[in-house]
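Next come two complexes, and both contain chain A; in the first it sits with chain B, in the second with chain C.
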Partner chain A sequence: MGSRSSHAARIPDVDSIRRETGFSQASLIRLYHRFQALDRNEKGYLSRVDLQQIGALAVNPLGDRIIDSFFPDGSLRVDFPGFVRVLAHFRPVDDEDNGNRDPKEPEPLNSRMNKLRFAFQLYDLDRDGKISRHEMLQVLRLMVGVQVTEEQLESIADRTVQEADEDGDGAVSFLEFAKSLEKMNIEQKMSIRILK
Partner chain B sequence: MNSYLPSTPHIQKLWNLQIQVEEKDDDTEESSSEEEEEENKLPRRESMRPKRKRTRDVIKEDDPEPEPEDEETRKAREKERRRRLKRGAEEEEEIDEEELERLKTELDEKRQVIATVKCKPWKMEKKIEVLREAKKFVNENEGALGKGKGKQWFAFKMMMAKKWAKFLRDFENFKAACVPWENKIKAIESQFGSSVASYFLFLRWMYGVNMVLFILTFSLIMLPEYLWGLPYGSLPRKTVPRAEEASAANFGVLYDFNGLAQYSVLFYGYYNNKRTIGWMNFRLPLSYFLVGIMCIGYSFLVVLRAMTKNIGDDGGGDDNTFNFSWKVFTSWDYLIGNPETADNKFNSITMNFREAIIEERAAQVEENIHLIRFLRFLANFFVFLTLGGSGYLIFWAVKRSQEFAQQDPDTLGWWEKNEMNMVMSLLGMFCPTLFDLFAELEDYHPLIALKWLLGRIFALLLGNLYVFILALMDEINNKIEEEKLVKANITLWEANMIKAYNASLSGNSTGPPFFVHPADVPRGPCWETMVGQEFVRLTVSDVLTTYVTILIGDFLRACFVRFCNYCWCWDLEYGYPSYTEFDISGNVLALIFNQGMIWMGSFFAPSLPGINILRLHTSMYFQCWAVMCCNVPEARVFKASRSNNFYLGMLLLILFLSTMPVLYMIVSLPPSFDCGPFSGKNRMFEVIGETLEQDFPSWMAKILRQLSNPGLVIAVVLVMALTIYYLNATAKGQKAANLDLKKKMKQQALENKLRNKKMAAARAAAAAGGH
Partner chain C sequence: MAHRLGLLLPLLLGQLCSQLLGTSGDSMLHYWDLRADNGSWGPKRTQDNGSEVSAHTLLFSLDYQHVQVPFEITLWIMLASLAKIGFHLYNKIPTVVPESCLLIFVGLIMGGLIYSLNDKSPPVMNSDIFFLYLLPPIVLDAGYFMPSRPFFENIGTILLYAVVGTIWNAFGIGLSLHGICQVKYFNLQDVPLLHNLWFGSLIAAVDPVAVLSVFEEIHVNEKLHILVFGESLLNDAVTVVLYKLFKSFCEMPSIKPLDILAGIGKFFLVGIGGIFIGLLFGMVAAFTTRFTKTIRVIEPLFVFLYSYLSYLTAEMFHLSGIVAIIACAMSMKRYVEANISQKSHTTIKYFMKMWSSVSDTLIFIFLGVSTIGNNHEWNWPYICFTVIFCLFWRALGVLVLTFFVNKCHVNTVTRKDQFIIAYGGLRGAICFSLVFLLPEFSRKKLFIAATTVVILFTVIVQGMTIRPLVDLLDVTRRRETSPTVSEQILIRFFDHLLAGIEDISGHWGQYYWKDKLEYFNSMYLQKILLREYDQSKSSIVLLYEKLERKHAIELAEAGQLIHTPSSTSLLKIHRQKVKPLDQDLMDNIQEILTTNLYKIRRVVSFCS
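And then the complex of A and B:
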């Protein structure tokens, strides 16, 4: 794998993808190879089955939800730009990026807010902008399984909602979610080191 | 469709040809410059637009015609261009304001065209032509924005800025591709979690530090002596003594770093004390001294820098307000790709939740606190006893070994000769298990328990270090005593030689000149080389011990468990002995202590960083293989990123402890009289004074002498102490203010919550009442 520019020419729309996501040419080529490796039958797009082959997603309790986030709006296929757009959320945050940025431009995909938004939509299944107690319980069940009793799970869910909820509506909105993770180093934890 | 191309056919052909040739050349260049302009100038409209799939070179018949405005603006452009060409001859004229404005708007228009032409639904040739024109316009007239005469310079500056940005980007790509072993570490991370991977990241970081030390010592000490110093055999210090010549090249002797290995650039004793060597007048003794000091200084700098960088990362998990939210949202380690590790992670998350619930309950129930405190006190008491016992054992072994040293070496058996090493190894093997046992009493969270364990083993190994240094100092003192005797002997020997020579001369009037072969000259015991040899031997034996332990303890055990499981009574894989887990604490401590040895020994054996580089390199590959092949993931998987500062803190302590003896030896022990670059001086640091006097102009020496006036030095030290005190006080004050603000924020948030709940309840009541 190298960053030979002749390969870049094979990726369609490489410059607009680069502008939108901020990936370097070498990273894009690497991602393209990965995309092609996942795309078993060389269809030119990925389906759910292809993504389920990835080992790390198969063992992940939220794996199905992560796969769903690749297919926005219920579509069944994701092409390379869509694939890269999701992965752009995990690009490490570069401090120089923020210094030179034009404030009129939309935030880059790997800003802290966008990373948190991505994480939020994994938990908020019905997309109503809030994580209700019921959704929290579902997440807990996925993560912990049958090893903890139901009543303990419910008390954990209650406690979590109680901690994060500020306006008393019994659910965690995106802003409350962001506030609860304020001290967490999201820029580092939600970044994949090799994606620059 | 071709109406906008010049009508004459041959120019049209020329035009097409030009398009093809030029586009090929600056494809990469143009795209990057495009990007630069895009980023600097225009709002990013691209991301909002839905992307159309590019179908290259397919010309559809139903492509819409270009908008008519294009024709007009294009014609206007042409007119402008021609006018400008005419005016270009008169470059000295100033361009007035409104021309400048119009130029600016046109430039902006052109840049927009460049940015959006790819998405326009035109034929390829048309797009290429429009793009070329626009770019040409921009390149020609960009410089015009700088007024008049500065036009060329401005255009040049813009071009250089673009090229520089492109170069920086390529360099970043190159740097990212150069990071070694990234794939290996990632594979380990996915199978074993981030705590094991943190050890390998630490190893790689150490490799980088050692590489710098190696480059310093190799290029500034070993290479000059090898290239420009006197060769082997020319001086007594560079030749194997006559008595040892026969066995100088035996493998056994070389393995002990005696014989030929001892009299080479690898060790301190080989270096000559001439002030300058070679045609460049390279000052070797000065360079030797300065490189030694620089290595220590660089190591301090780099460790402190790594620690301060990590302090920022520590900001996760210290706050207790969002304890459960964090556990729900951020417990999963997304780098895990192995089903077995995932199972372990599930268990650890469950355990985490259970612990958190218990902690919550325990915070409300206070009766057990005293029992826990008592148990912890008991555990610490036992640990203290163990440490004291091991310290006494080591002390007793040292005393005995000193007694044995007095006796004749042939009367000692194997045990007596190796008693000290055996005692230290046995202690190192059994005490950590004891510490683990005592830790059961304490019942801490695994992260905290690991820290306690690391701290205790560290204290134990400090005992080893103390013994080693003590033995070394003893040896050095012995050698210094011996040296005095040898000096006296040499004068006698010289007198004898001269008498013999004169006697042989009196027979013949002319004879061979007075010559003694260097191998025959009696030598002083070179204590620095001895110290260097000790450290090198220690490093080599450490490496072998580690590798043998891994091979036997991990690999053979894994083979045994795997293959004998078929014919064994109980299940070897689940019960005892099963596969080993990767011992993070043991490995990290071994790495840290070995690095301490390197820091201590590299002044006396310049080859030591080089040997360490080899060792770390092979260690990386060997341990990566061993981990993936023979180890299983730990039962308790926890994130170790916060412990990294802990490792670095221990490294800093060891660095401090290992430079103290070296500095003491440099400052207070006299160098040997016949070996090394400082031979003949009273103290090693006198080389600085000598350089100042001879190589610097006299006024500089005077100034420096004034600066080292004790009064001035005391004043400077006082000022530094006051500054430290002031900064410390400021930092404390700011921390207190920080805590205060945090408390206020928490209070505020609580009040808000209560108020909102009340309002929500009131609303609910009103709504219920309304129905």
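And then the complex of A and C:
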């Protein structure tokens, strides 16, 4: 037990991080170790290069976008609280959390809305609050592969936007996005067990 | 009512005739034999043995012996199919009573008739016929059309229920029945422990045929369906091992701990061996279909042949045939679907459904028929306790296992789901056939009686009441929506996103392995198993093409294929306001339509 607390003590601002993200002590320690493992030169922060070194991420179609989500507002470094803040979106939803929550406090990072907002941001690169047809096309191009013609991709993008678009403005707003995902159980889908 | 009787009556008469002709005694047989030797028509010749043969030409004679076997088989299948039509003509019944119950009743009636006419037990369903001919089509149909995504997402839970749950049930039932046997009052003391355990092992297994026929009609949510159904399929491996284990124990003079360890080892061998054989045949089937471009007509045949071979091979090595055929169907599906033509795909789908439907119906009818007869020893205490213990141990097992599952998993199983899983543990024809395979020891008829009652109870009582219970408990139903392209894209999107996050957080979870498998697939498997120019068509594109085709067919069937954009018109049919098609897409779709099954009269109106 002694060693544990000394580990926790090494993490700066551990209490405020815990409050903000809701991670348990054990998870935070595990994530801190992971952070340090990724931080090659022990700089104390992660840069884009560090994350790009993860092999599997390089072949992931959405790899670049995921990495970008760690660097909001064009910053070049992410420190441990920032790292954890992003991963907190993927914490499994615990029913107890909602019971004890003080309604005046901001919504926990792993609530359904926040999870959806995170996913939405991966589509909406220009942050205008809507997924335009062009943005949908870009994501499709990443995911679908090379054997498809440009026209077919465009038709698919068209159809996708049409299916979700309700007010007919040719773009998918956040609410429409949330609505199209109603049937999918987002709380369970966007949760990684060990991040409890 | 009248319809049903009208249809069934000629069939019953036909069956009775076949019974009388086929199995009844002595003098009639000789008479027919003489005629049979001489053939059906043509002038008669005097025979060498000098028997009495009439000289005049026989214009009409009956040669039943010649066609007996195929004729009777066809009559049974015909009876089954007409019974099915009969039920659906009278609409109200299928909503209250599931089809399987009705079929059992028909079987009971048939059995009763045969018994009363012949005064001996009607033909019992031969275990070989069941395991070699009737069961494979159903399991193949289940495996081929199994939605693989929910299956693999819940595979841990399914395996836990199938393996641990079945072992728990088997030992629980066996041991408690042995406890009952000790009570002097019931006159059961000569049943040894091993026999009780053996019986427990065969009655514990949930039956896929029964589960499928009942759950198909109640439309619960996908996860629940896949849990119960997956469990019923995969527990075959455990049943095979336990059954054979106890069988060999009964034959051995003494049991050493080494034998028990060997039993556990055997389980892994049976399961993994089954999967391996299935995968092997699946890959070979996919590879074969790569070369079938010029002979499209026999493409469906390969699917059936390879799957059946995988089943038989696994059975040959005493591995689990069901697991093998499931693995074969699931692994082959992806590549075969990409390689074969649309027509072959439709053929496969309908043949499989047809065969499995016929098998299903026959199994239930035979279950009913075999119930009547002298095969039973009605020791009511034993039988009642068997039913009670089956229910009790299943409920307890599900409760305990779900507790562990919910601890480890994000995807929790709710209380209502648990109840339906426990209640949906139906026993069926597999138990029945296994009990007939038991060697002839003294209390075998007791076990047969108990099995029959358990099966009838679960299928009839539980089958009938599960639908009102599902309504009462307000279990989440399956959402009846058509697949949309955006959903498919989002699913894919989340797969990638979660795989990425798992990589960053250093966790080797579900998405990590799925990603790895996909990578392996695209790098190696697709190159070998898919035809050259069809490689790497993403599922999004395939779904999109399928939806466009469907949409175009609907438009064409409604009478117009509109060339220029028109915002209103018959697009009111769709709830999605899909804009009409432009020129390129039109050509694409027309090309798809010409190679399609439907020959639609295309009325293309050019609005200029």
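Assume the second predicted complex is superposed on the first by the 193 of 196 C-alpha atoms of A that agree within 3 Å, B and C clash if a C-alpha of one lies under 4 Å from a C-alpha of the other, contacts with A are read in each partner's own complex, and residues count from 1 in each chain.
Keep this in mind: a contact is a pair of C-beta atoms (placed from the backbone, for glycine too) under 8 Å apart; a residue touches a chain by one contact, two chains touch by 3 or more.
Quantities reported herein were computed from a predicted structural model and do not represent experimental measurements.
In the superposed model, A:119 makes contact with both chain B and chain C. In the superposition on chain A, contact is made by A:37 with chain C only, not with chain B.
By the touch criterion stated above, A:51 is placed in contact with chain C alone, chain B being left untouched. Put chain B and chain C next to each other and count what each touches on chain A; the higher total goes to B. In the superposition on chain A, A:24 contacts chain B only, with no contact to chain C.
Shared-chain residue A:191: touches chain C; no touch with chain B. When the shared chain is aligned, chain C comes close enough to touch A:87, but chain B does not. Contacts of A:151 after superposition: chain C is touched, whereas chain B is not reached.
After overlaying the two complexes on the shared chain, residue contacts for A:183 are found with chain B and with chain C alike. For the contact definition in use here, the residues of chain A common to its chain B contact set and its chain C contact set are 54, 56, 59-62, 119, 139-140, 143-145, 147-148, 152, 155-156, 159-160, 163-164, 168, 180-181, 183-184, 188-189, 193-194. Considering their complex, residues 31, 34, 37-38, 51, 54, 56-57, 59-63, 66, 87, 90, 92, 119, 122, 139-140, 143-148, 151-152, 155-156, 158-160, 162-164, 168, 180-181, 183-184, 188-195 of chain A touch chain C. In the complex of the two chains, the chain C residues touching chain A come out as 408-411, 479, 481, 484-487, 489-494, 496-507, 509, 512, 515, 519, 535-538, 540-541, 544, 547-548, 576-579, 584-585, 588. Across the complex, chain A is touched by residues 27-28, 31, 34-35, 38-39, 43-44, 46-47, 51, 53-54, 118, 169, 172-173, 176-177, 182, 186, 190, 313, 315-319, 321-326, 328-332, 334-339, 341-342, 346-347, 349-350, 353-354, 357, 749, 752-753, 756-757, 759-761 of chain B. Within the complex formed with chain B, the chain A residues making contact are 2-3, 5, 9, 12-13, 15-16, 18-20, 24-26, 54-56, 58-62, 79, 81, 100, 102, 104-106, 119, 123, 136, 139-140, 143-145, 147-148, 152, 155-156, 159-160, 163-169, 172, 177, 180-181, 183-185, 188-189, 193-194, 196.
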